[in-house]
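Report on the structure given below.
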Amino acid sequence: MSTSRFQPVSGFDLPRFAGVPTFMRLPHITLDDPDIADVQIGLVGAPWDGGTTNRPGPRHGPRQLRDLSTMIRAQNGATGVRPFDAANCADLGDVAPNPADVMDSLDRFTTFYSRVRQAGVRTLTAGGDHLCSLPILRGLASDGPVGMIHFDSHTDLFHSYFNGSMYTHGTPFRRAVEEELLDPQRVVQIGIRGTAYDMEDRDFAKSVGVRVIAIEEFFERGIPDVMAEAREIAGSGPTYISYDIDFVDPAFAPGTGTPEVGGPNSFQALQVVRELEGVNIIGADLVEVSPPFDQAGGTAWLAVSIMFELLCVMVGRH
Amino acid sequence: MSTSRFQPVSGFDLPRFAGVPTFMRLPHITLDDPDIADVQIGLVGAPWDGGTTNRPGPRHGPRQLRDLSTMIRAQNGATGVRPFDAANCADLGDVAPNPADVMDSLDRFTTFYSRVRQAGVRTLTAGGDHLCSLPILRGLASDGPVGMIHFDSHTDLFHSYFNGSMYTHGTPFRRAVEEELLDPQRVVQIGIRGTAYDMEDRDFAKSVGVRVIAIEEFFERGIPDVMAEAREIAGSGPTYISYDIDFVDPAFAPGTGTPEVGGPNSFQALQVVRELEGVNIIGADLVEVSPPFDQAGGTAWLAVSIMFELLCVMVGRH
Amino acid sequence: MSTSRFQPVSGFDLPRFAGVPTFMRLPHITLDDPDIADVQIGLVGAPWDGGTTNRPGPRHGPRQLRDLSTMIRAQNGATGVRPFDAANCADLGDVAPNPADVMDSLDRFTTFYSRVRQAGVRTLTAGGDHLCSLPILRGLASDGPVGMIHFDSHTDLFHSYFNGSMYTHGTPFRRAVEEELLDPQRVVQIGIRGTAYDMEDRDFAKSVGVRVIAIEEFFERGIPDVMAEAREIAGSGPTYISYDIDFVDPAFAPGTGTPEVGGPNSFQALQVVRELEGVNIIGADLVEVSPPFDQAGGTAWLAVSIMFELLCVMVGRH
Amino acid sequence: MSTSRFQPVSGFDLPRFAGVPTFMRLPHITLDDPDIADVQIGLVGAPWDGGTTNRPGPRHGPRQLRDLSTMIRAQNGATGVRPFDAANCADLGDVAPNPADVMDSLDRFTTFYSRVRQAGVRTLTAGGDHLCSLPILRGLASDGPVGMIHFDSHTDLFHSYFNGSMYTHGTPFRRAVEEELLDPQRVVQIGIRGTAYDMEDRDFAKSVGVRVIAIEEFFERGIPDVMAEAREIAGSGPTYISYDIDFVDPAFAPGTGTPEVGGPNSFQALQVVRELEGVNIIGADLVEVSPPFDQAGGTAWLAVSIMFELLCVMVGRH
Amino acid sequence: MSTSRFQPVSGFDLPRFAGVPTFMRLPHITLDDPDIADVQIGLVGAPWDGGTTNRPGPRHGPRQLRDLSTMIRAQNGATGVRPFDAANCADLGDVAPNPADVMDSLDRFTTFYSRVRQAGVRTLTAGGDHLCSLPILRGLASDGPVGMIHFDSHTDLFHSYFNGSMYTHGTPFRRAVEEELLDPQRVVQIGIRGTAYDMEDRDFAKSVGVRVIAIEEFFERGIPDVMAEAREIAGSGPTYISYDIDFVDPAFAPGTGTPEVGGPNSFQALQVVRELEGVNIIGADLVEVSPPFDQAGGTAWLAVSIMFELLCVMVGRH
Amino acid sequence: MSTSRFQPVSGFDLPRFAGVPTFMRLPHITLDDPDIADVQIGLVGAPWDGGTTNRPGPRHGPRQLRDLSTMIRAQNGATGVRPFDAANCADLGDVAPNPADVMDSLDRFTTFYSRVRQAGVRTLTAGGDHLCSLPILRGLASDGPVGMIHFDSHTDLFHSYFNGSMYTHGTPFRRAVEEELLDPQRVVQIGIRGTAYDMEDRDFAKSVGVRVIAIEEFFERGIPDVMAEAREIAGSGPTYISYDIDFVDPAFAPGTGTPEVGGPNSFQALQVVRELEGVNIIGADLVEVSPPFDQAGGTAWLAVSIMFELLCVMVGRH
């Protein structure tokens, strides 16, 4: 049960457009704050896009996601879960990136997430581009490889870009498998689609045992069946959830750098998360929201709705 | 049958981007005009947002809806209905609100709709925020409570906001039940979803007999089944139709103040109206279109398409 | 098999946001270039909107489509086809329209497509408004009427506009049937919807044997069934594919001049093209993208994704 | 003096965002209305862009200008003039163009303005692209050539475009001089700037005696001096005022098809009109507002502010 | 001198796009926080627009102003002032409005500013619509009427709107004079322009001795001369500064509800504030920023730049 | 004199919205093309923003600048210069950056510009963020330090960011002085303004002899006087021109990452370039255009107008 310190501000007291915007109107508690000891789930911003190979912007994601997240209320309309009653949640602020140095940023992020883990806080991270999942996994998976359920239109399993660059938002999970942060047999990637240069990423997936569920299979089998398989792949071990907003069709989520048409709608975008009920979630992220390509804020509104669903399954069994 | 005076301007004569924009290019006939006696259905603008608790803008709705409504032609592509042949329709202009005084606005609206009712004109209102349904019902339901089929993502059945404010766009139907304008046993709310602070509105619905069909049930059962139940609940008595544009998923209707993701698509948005065929409709509204959040006009275009469908079922049996 | 000269620039070499934008990063080879002899499929821009009766803008389509097309990679994620390996493809540049003279533009286009046909190049054209299909057919169908599979929300079979104008984007296929460029018995129109002034176009379709599949039938029967019928109607003879972007629901493709709500989503928009496998395609177009109504570029991104699918089926059996 | 019938609706009675939008909230009186006999100044929309050689959109101008014009009040803040007290003003509606036929549109416009002139109404026209000035002059100048004070960044004196097209928005005043609608010795063009292909237009101006004041001279001499010369050139004879919104710098008026940077600011844009006091104005236009390039409406707001200033000098001495 | 607690976060430590956005990256200290005792200048958000008679949106102002204010650094480039060194500054958060009740909001604001005054904190308020200046003055001017230097395109001295509504953003200073919060002889209004319904506000100004400097006089005399007069009018007594963003030309500040063209540019917008050096400033506001009409954020960026200049003159002599 | 091969496409032949967009519609000739030998001035795109510390986007600059540059015609309206007649100009394409590696990108750029210099081509570069000026200078200044006239609101003379990153868009000219690419005594920076963290950059400028002209001095002295001093500082030696679009006021150029309000207008933005006549220009750049913050394209239009003026002075004396 949460304590009153950790209740979000109600829109009946202060209208939702008012006030300094923290994630879901939760208290802002940094890692240096003594109250961090009481936090069970921390919402973290990862404002970077140093790994972006195409259209930049995710560095602005956390700011816009905080803004739109003040529209979130206290209770899940579909499942009835009240996450802020079930766990002490807080906004831990943003990890400080170095916009001019990718490798330095990776180190800063790894350090931050190691500290968070030591503090006993599970995190729900708002990206940032998808490369941020790598240092998060480095911070979280120090006891051995973890499983992952990954929603995306891309596998992010490529070897390198631009004649040898190994750290981009197209490579984090290749690195994570290589660094034994992920157990590839316990990894499933859902929603993959779009054009490709070749089959390099799919071949790698096959060779290490990562399960790839393309969008055609996703639509044909339906969400309950696909997600049952996903839960089975993840099993009961510690599992990370990574949700790239470009999993969703760009009509519902235009604000991202590498959209692929032909994806799920917003109802399906929420449903897949609700089907995570029962998974042993050690952390989660929602990445690749790019505000410059979404001035109306619709992508961010969907993204924070997904974050709220993630929070509800994270507290579900605890 | 309509008279030639009430035929809309054809796009073959005057291109659809030209001319002073009235609703669906109908003649503009005010309540003071003697021709009002010939009008059977009046399209009315309700340009206000004094009841809005979050993001404002619906006061600009009627202007934008008139603009986009000039894209509407004469015949329904799906049902073949030609509403302007079936009934004398006219644009009655806008009710004058008082943007600085909610209570005065309520009075002005009640007065207007009472006059309209005395003139024997049924109305299709373009909001404006959802609070406008309350004075419309006050004007229309003077002979006793009416039924209602209500499309929305919110119940609008809350008691009060901000420490006691009882007249907001979240409370109109609570007031309408209390004031015995609505017969709660003949009210159905369809599409409800999103986060909530608590269950106060749902508890009230249960206690008075309002039927709430959440979005999950809506998608599971399908439109024909849900709408059959809706028609049964409304029965053969006088029934009001209230359509909040946030019923529709925000990818299809971003231009609204309190969108909730995970809603119906635009085809479903039209289908539910076609399923109203046979209902005894005494009036209807389409509310909460907020142009500042929809500069491209897509929301307004969908909204006027829905208004045209509403018009087609309003004339259907007459 | 293609030659190396015709391979598009890879995003691993030059990032996709860089470089002079040609269609799909292919070489730019004009009709006057001797290399035209090696080209099998030519991508052509038709930057005009002189036939537009309502909201203009498609003259800017080819520019924006080239821009977004640099996001396309080499291989189809769903079917595995690699069109640039299968055929020598090139960007032939734009046909020069006369923005101040519709009839002159028609002549210029007819001349261009006659030359292209003589050069033995099949074309995939990026419009431009839908009137451009008429001079394309004049250029291509010189040996006798062809069949057509046509995706659209409108039939474009009207007789004339504005008191006698016979060449607008609402009339190309009426003219094409009259001029015996199209064999009406081998023409199918899919996705038709929206309001109408009357039944003139439908009556004409019936009278000459054009098959019209309205959107309600499309959704009810499903894509495989509808497309099987379409392939049967087209038969094995030479067939033109005309794809108006307003076939797709405006939430997915807002950037067009005459959108009609209630259409297919982006996955369905791609699926119908994949079901063209086996059709004897002599040319294709994707028309009515209007950048001024789509500043975020989502419509163009969907449109070039559809163009890539069209390319994949055009090379499919060759 | 005006009669009460011709007073615009006050924003104190009906808020400025409400109501069916006519120009400056004036009564809508068509040429067929018997009340036309009482009208002294008519505001007319010319919704076309058939003469546009580059980026289209002005066909949507009158709609947006009517919308923004509801922000105009009754009295000029700088000069104290109250135009609606001084003359009976009305919205005459739009001239019906033929979007598919430039020559037919020219004829329709000439006919309309001839009728207006016969009705004894002076007009203030809201374009539409600049070609509309030609048929207006044909309608107005039937008694012989008139003078003109012309604000623009282009001379619009070119001979032809695209290998012989003589009727575009770059040629109206060449034609008007050739047709002896304008007396070139009484014509002055102010604000000319931007790149050119050659000196053809300037050479023509010199050869017939049109005075061209480039922007550098405009800024160097200052508005009072330049406008004194303009008044002297126009003299006391009948004079037409043509105001292309691209006269103004595009930071102040982005919504136009062929902007040229380095122009006057909005204060100067108003000042030049105030300096027309005393000119014998027989008609005026404000053209080239293109809403698709100005979704925020700032250009239209400036344009209607200029139209109000034009109205104030049109009634000034009458 | 400030203490280290009150130094804003540097962009060299945490990039300016990162972190929870408080005003100018200052610490967030509420009135209930014991540290309030150390605060000398408080930045306050007043998120309301209940007094808005035309286009709403300023309720979203403080959120966007906080966002853009993270671009502000520590030192004034023109004057060299370092306000955060000179005084302890903090973000006091937002006053909670009641969006559904203007009178209740006025009371809430008055209470808040009374408490602030008792705490010995001078405030710089970010609106919100201009009606907020009234309760601020009620809170601040409890010892007797104060002077005011007021930058605006409107006088906001009207008696009432909509048949008797006395509390709108067009009336605050009429009320403030009537309530003896302002000493009209020590009030100057600068930049007034635009159309009007009549002279009621100007007549009132004259009758009580308020000095109105219209924009024509402003431009003719120049800033140093005008501001010297303004300082003389304000004298050495306690003076409030009220800055409506619509003082600035809408090309520089489009994001506001009632823009008037023909105003100062952004350099002049800053210069007038620098000329306040030496005035005895007891509080200041920057109001009427409306984010829905300024999605690009340029208005907010100018507004926070003005707020920074205001802060620099507020600390100037202390 | 140029040869016909190097004449841009005329808008009278192919409308300006048509065709594959190269810079100013010039032929596209890469360094590997034998025709490079005939090129005198090369327009180059530098699509990167790896040095950006705040809001990204300039990597998209060259694409948008090419698009808008098709609006440029052949002759300068103010000076009469016809640059494409005076010199053989061509579009050399884009330098390939590595978006994931700043140091690798710097090397790629240096290599490219060294090759260009060896080919005897002077370049006009379209950025890209301002860090690109460093490798350009490395390529060009191999014979010893050069002078520079620099238009900007920032000095870009900082030592490092984020705890030691020495290569950002805030440091290029510090590095260039340290690497003896620039002769600081022959460097002048014009238009500097905005807030700062401290005086580190100004102190450095003073210590090495770089002349900084702040915006206040710029406005007070006027352009002719300031530019005469600039020409004197540059002297007759080889001089580089660097033009950051944020030199211009953000109302005229919103599309940039670090705008500072209170800058020159667009007329002044062009005038300063015209005053470069006579300077010995060895190369020039126009940087920091960020399309995601300028969807309407106004910034790019101003930027290409400035590029055209730069081209006119580059060919001026040759």
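Labels A, B, C, D, E and F are assigned to the chains in the order they are written; within every chain, residues are numbered from 1.
Keep in mind that, in the parts below, contacts are C-beta pairs under 8 Å (C-beta built on N, C-alpha and C of every residue); 3 or more make two chains touch, one makes a residue touch a chain.
Predicted model only: the values in this text are computed from it and were never measured.
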- Comparison of B-E and A-C (more C-beta pairs in contact): A-C
- For the interface formed by D-E, which of the candidate pairs B-D, A-E or E-F is equivalent, sharing more than half of the contact pairs by residue number? E-F
- Inter-chain centre distance, chain C versus chain D - centres from mean C-alpha coordinates, in Å: 40
- Item | Between chain E and chain C, distance of the C-alpha-averaged centres to the nearest whole Å | 55
- Query: Got the chain D residues that touch at least 2 other chains?
  - Reply: 13, 15, 17, 53-55, 59-60, 99, 161-163, 251, 265, 293, 295-296
- Query: Given the complex with chain E, which residues does chain D contribute to the contact?
  - Reply: 10-13, 15-17, 71-78, 251-252, 265-267, 269-270, 296, 298, 301-302, 305, 308
- For the chain F and chain E complex, residues of the former touching the latter: 53-55, 161-163, 192-199, 214-216, 219, 249-251, 254, 258-263, 265, 293-294
- Query: Which positions of chain D touch chain B when the two form their complex?
  - Reply: 13-15, 17-22, 28, 45, 47, 59-60, 62-63, 66-67, 91, 93-94, 96-97, 99, 295-296
- Task: Using the touch rule from the top, collect the residues of chain B that touch chain E in their complex.
- Result: 49-57, 59-60, 98-102, 104, 161-163, 165, 167-168, 292-293, 295
